[in-house]
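Presented sequentially are two complexes of chain A, the first with chain B as partner and the second with chain C.
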Partner chain A sequence: MRFWRAPPAADGEGRGLLLVSALALGALILASLALGRYPLSLGAVVETLIGRGNGSESDATAQTIIFMVRLPRIATAVMVGAGLSIAGAAYQTVFRNPMASPSLLGVSAGAGFGASLALLLHLPTIAVEAAAFVGGLAAVGASYLAASRVKSQSLITLVLCGMVMSALFQALISLVKYVADPVDTLATITFWLMGSLAKANGADAATAAAPVVLGGAVLFALRWRISLLALGDHEAAALGADVVRLRIIVILCATAMTAATVCVAGIVGWVGLLVPHIARMLFGMEPGRVMVATATLGALFVLGVDDVARSASIIEIPLGVMTAVIGAPFFLFLVIRARSEQWS
Partner chain B sequence: MVVTPAIAIDSLSFRRAERLVLDAISFALDAGEMLVLLGPNGAGKSTLVHCLLGLAAPHAGSVRVLGEDLDRLARREIAKRIAYVPQAGHSAFAFTVEQMVLMGRSAHIEGAGSPSRRDREVVRRALADTGVEHLASKPFTQISGGERQLALIARALAQDTPIIVMDEPTSSLDLGNQGRVLDLMRKLAAEGKCVVMTTHLPDQAFNLKARVALLRDGRLIAEGRAEAVCDLGSMSRLYGAPLLRLSDTVDRGVVGYVPDLS
Partner chain C sequence: MSSQLARILCIALALLASVAAGECRTIVDMDGRSVTLPEKVARIVTVGPVPVLNGFLFAFGRQQSIVNGLPRELARKYQFIFAPDLAKKPILQSSSSGLAVEDIVGLRPDLVLTMDRSATDRLSALGLPAVLLNWREPEDIKALMTLLGAILDEKKAAEDYVRYFDEALARIRTTLGSVDESRRPRVLYVNYRRLTQPHRIAEWWIPHAGGRSVTSDGRSEESVTFSLEQLIAWNPEVLIVADRGEAELVAAEPRLRDVSAVRSGRVHVAPAGAHLWANRTIEQPLTVLWAASIIHPEKFSGTMLESEMSAFYERFFHVSLSKEQIDEILAGSAGR
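For the complex of A and B:
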């Protein structure tokens, strides 16, 4: 993709910028620990984290707030941000489409349907996650098949097919809600789908972390080969890539990561579209560097947005609402650019 | 001593939806030889190129590369033997020219590895040999069509294969860049590489003193040296149109053809 600023050519510059974003993430995590209805000073946060309190009552409160409430929520936000962003970048590469993302391909809605169906049946967490994965996989598979049947060169085709799948799975989600028990299950499903980290606990953080870390590790290990897929099937194959196998691996990993984030945070749209673009803009296309940058910036973005969501007003603003307000205009901007630069 | 040909194609046929796209094609090429594939649009040139690269599976016949059957080789093994120079198209991702050329090293990089110092050295040399080192850090999306084509040739050089297959490498280039690309191809053949290219310009075959294969309706209708194969009659029949023969440079061994509108 072309940008108004040339990607950093010097390795040193890129590495420096990466260090800056990692430090920024560290700083934001500390600040997020201090931030909230019960404000803690940064000093108190650090003292609690390294376990050097004076055993007072306020100390015990700080411990509870940090370890039981804020840290799980922050860890979940970091995993959701990194997971959605890496998954978005992976989809964009395998589909050679800078407008692909977990939500625009219908993966998020598919995973949401799978998970809500599992919640309706009161299945255990692992089954909810598996159902989300299967739902997401069905959605991305159907979008891809539909787009390849259309045989159009336009990048918008895949996005359109993804939106069709998304609408279909949203309808199925409505069906699940319709038959859900209005006393308990309905509210659970509804609030969770809006995209929120309000109830994130340690178990959620772990649920999100396992697929995100594992999928991310596989994608990172194969980063060099995966970048070949951005050139198209024939070129990638002629350069020695096993295209079909590689594509299946990437789709499985990206979908598992998306499904995991949907299970803990509901449908948080736009992150997987927005962040990979910003990462490529700032860090260029060097596969290793841009992937670490994508994960870091994704974590920064979702954590930052979640901080605003939980502290901007008395009532929490759903995370998915906030990311949509930022992401939707950005998508329009991309569509306009796609026309003017003749992406095909 | 029996010399194994670089490429040996034996009665190769390819079908697409019941239509015979390639019909019993056979030819062999040695190291250091250049073959120019001529034929009208839809003659099967691209399909032949794809079969040669193992990107399309023929329904009959065989392609042997350096003595080994193509369909018995893994993708990476094929990529160590044949490099492909596609037509330079648009890309939505702004790889730098250096990153693009570095991708040519993929077949030499093990499993989950990344490029070594040696790989980067090979890339630097390929960029120098094609005269595009000054573009190394430019995004591939921001250079001209001719520069993109040269960068793709640099990638094929970095792939370091005995065979290079080019699909209309000069189709989007002005005369100056065409000359640069043809000159580069001649040097590669002189270094002992086997080069196959498709083109719509018969004069390039004369200029390169290459072997010519004429492809029409999926059949190989003639094969040999340009001066023996590309006469006015055969060229007019090949393209199904009246042509004018330009022979001003006939003493240099170059003949060109243009459409005859009279």
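For the complex of A and C:
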């Protein structure tokens, strides 16, 4: 199947573009360190970074701001962006469906349910993350099973089943909130589900980074075999791929990455749907290149949006709201441009 | 012309007669709607921000008139200390299932007090005597209490509260003296878990207590949410949090260690009486005095605040509090 018409990007050209986007990400990370509500000049940022402060009190605050506030938040945003985008691309490949994404498959809602249940039972942080993973896995499994029971070739079937699962898990989240102690647990669950990077610290960055880096590495190592899945099960098997095992590994990795982002940032939509499409449009289909590009563009997108969210005004705008406001119309534009025959 | 005059006279006489017979009367609520109420209001339902509305009734010593209980998520200890019977009353609303309108009708209230328009419309449509109390601007509380005084036939008590409100603020103003803008400490009232300044009224009581609220930007929205970095950039000299749990979170947060209020131990928990003092509550004059005592401790002593509290709850709620209870109110909500 074809996702988008791949541009005839010559190898050299693609590599050049990749270098440009990697440099852009590096530049944005540096610029983000200088952005924020606490007034710090670029010079002060650089001095703090290379550890040449004058030991004054304002210097100590600058260190706190750079190393404990901005850096963890930037790292978390990068991990959330890269994680959701790679996961989205992986789901799209493994289900051979351009509309698959963590939100549309119900993974985000499933992870949200798992985590709220763990919070309801007062389980420790690590268990909350594990529960998010199991919930996400249950949602994607149920969506896929339901879709395969519907004897239809339409790409919409999986998306519809995913939306059904998403609705089901949202309802289960409401149920958890309903039985939660209103004075104690309910508030915790509600704030947590709203999701925000406003308080992201080193622990959040690590929580997001471990599954995203590990899952990303596994997917990258398997990139050629995974790309065979896009040809269809028979063709992939004929070319020597263990289709079932491969599919399970991809789903496990993508779901772990999604669950990790849900744990630190709540349910952030549209990134996993939008970014893989843009990456394919710009970088073609070569698996390794498009995967690196997906991660880079995802990180650029979420980091850029979060920069606006945290520094545009006193008011902190929720991340999920901003990605939806930008992502939804942009995705519609892509769909219209891509012409409908590719979406049968 | 004269026939018209005669008709008006007739109507007026008829109205007077009905009032005299103890049947009913019509009042105009703070949203401009006319509501017909029985002459004697004995059974009152409070809908929406129940603790806030109950507080108004406590100030008339009318705890016994409230026929509904407290929704679990709004229940606070001191509501039950001021009105012990509340624990036995039916709960008519919850955040998940909304209003139990059938139960409200079943209670046959003489008066339903609300603070929002949609609930008032809904209850009025069912023929319930719903009265909307509006508290947008800080001093609306005076008009609110005057209206409630007229409704409950407690005009004197209402006048007493309004007088107290003005006098208490004037006393604080006098003690405070003129404070230079530059000598006013930067104050932040925050719900730390949400990183939100939740109520616009704090932009009123902080300057009245001689502080400078860092979130004061003339906004019309109730709340403002910001980032941790913004909090550090404001570098408040006095930090007021919503409950004791939040004070612990602030103390344990390494990123806040350079914030002036944290360094100098000026992180305070907002007291919780009939309602959270930092939000809209009948206890607002006490809020200002308490805030003044933490912002300018050199001018306002703790004993001054405690005796004022004791006098306030005695005079308006008709409840005398022990020293332990006063300390407990000042210690704030235990948190979540």
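Simple rule for what comes next: the second predicted complex is superposed on the first by the 321 of 344 C-alpha atoms of A that agree within 3 Å, B and C clash if a C-alpha of one lies under 4 Å from a C-alpha of the other, contacts with A are read in each partner's own complex, and residues count from 1 in each chain.
We take it that contacts are C-beta pairs under 8 Å (C-beta built on N, C-alpha and C of every residue); 3 or more make two chains touch, one makes a residue touch a chain.
Given the structure is predicted, the values throughout are model-derived calculations rather than measurements.
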Taking chain A as the common reference, can chain B and chain C both be placed on it without clashing, or not? Answer clash or fit.
fit
On the A-aligned overlay, A:20 touches which partner chain: chain B = first, chain C = second, or both, or neither?
neither
Residues of chain A touched: more by chain B or chain C?
B
So, A:237: does it touch chain B (first), chain C (second), both, or neither?
first
Please work out whether A:96 is in contact with chain B alone, chain C alone, both, or neither, and reply first, second, both or neither.
first
When the two structures are overlaid on chain A, which partner does A:167 contact: first (chain B), second (chain C), both, or neither?
neither
Put chain A at the vertex: what angle do the Cα centres of chain B and chain C make there, to the nearest 10 degrees?
150
Just checking: does A:286 make contact with chain B only, chain C only, both, or neither of them? Give me first, second, both or neither.
first
Chain C versus chain B - closest C-alpha approach in the superposed model, Å
41
List the residues on chain B that touch chain A in their complex, please.
50, 53-55, 74-76, 78-80, 82-84, 86, 90-96, 99, 103-104, 106-107, 109, 112-115, 137, 139, 141-142, 159
Within the complex, chain C is touched by chain A residues 36-39, 57, 60-61, 64-65, 68-70, 174, 177-178, 182-184, 186-188, 191, 198-199, 201, 310, 314-316
Within the complex, which stretch of chain A touches chain B?
1-3, 6-7, 9, 93, 96-98, 155, 221-225, 227-228, 230-231, 234-235, 237-243, 280, 284-288, 342-344
Complex contacts: residues of chain C adjacent to chain A
72-73, 75, 94-96, 193-195, 215, 217, 224-230, 232-233, 254-255, 257-258, 336
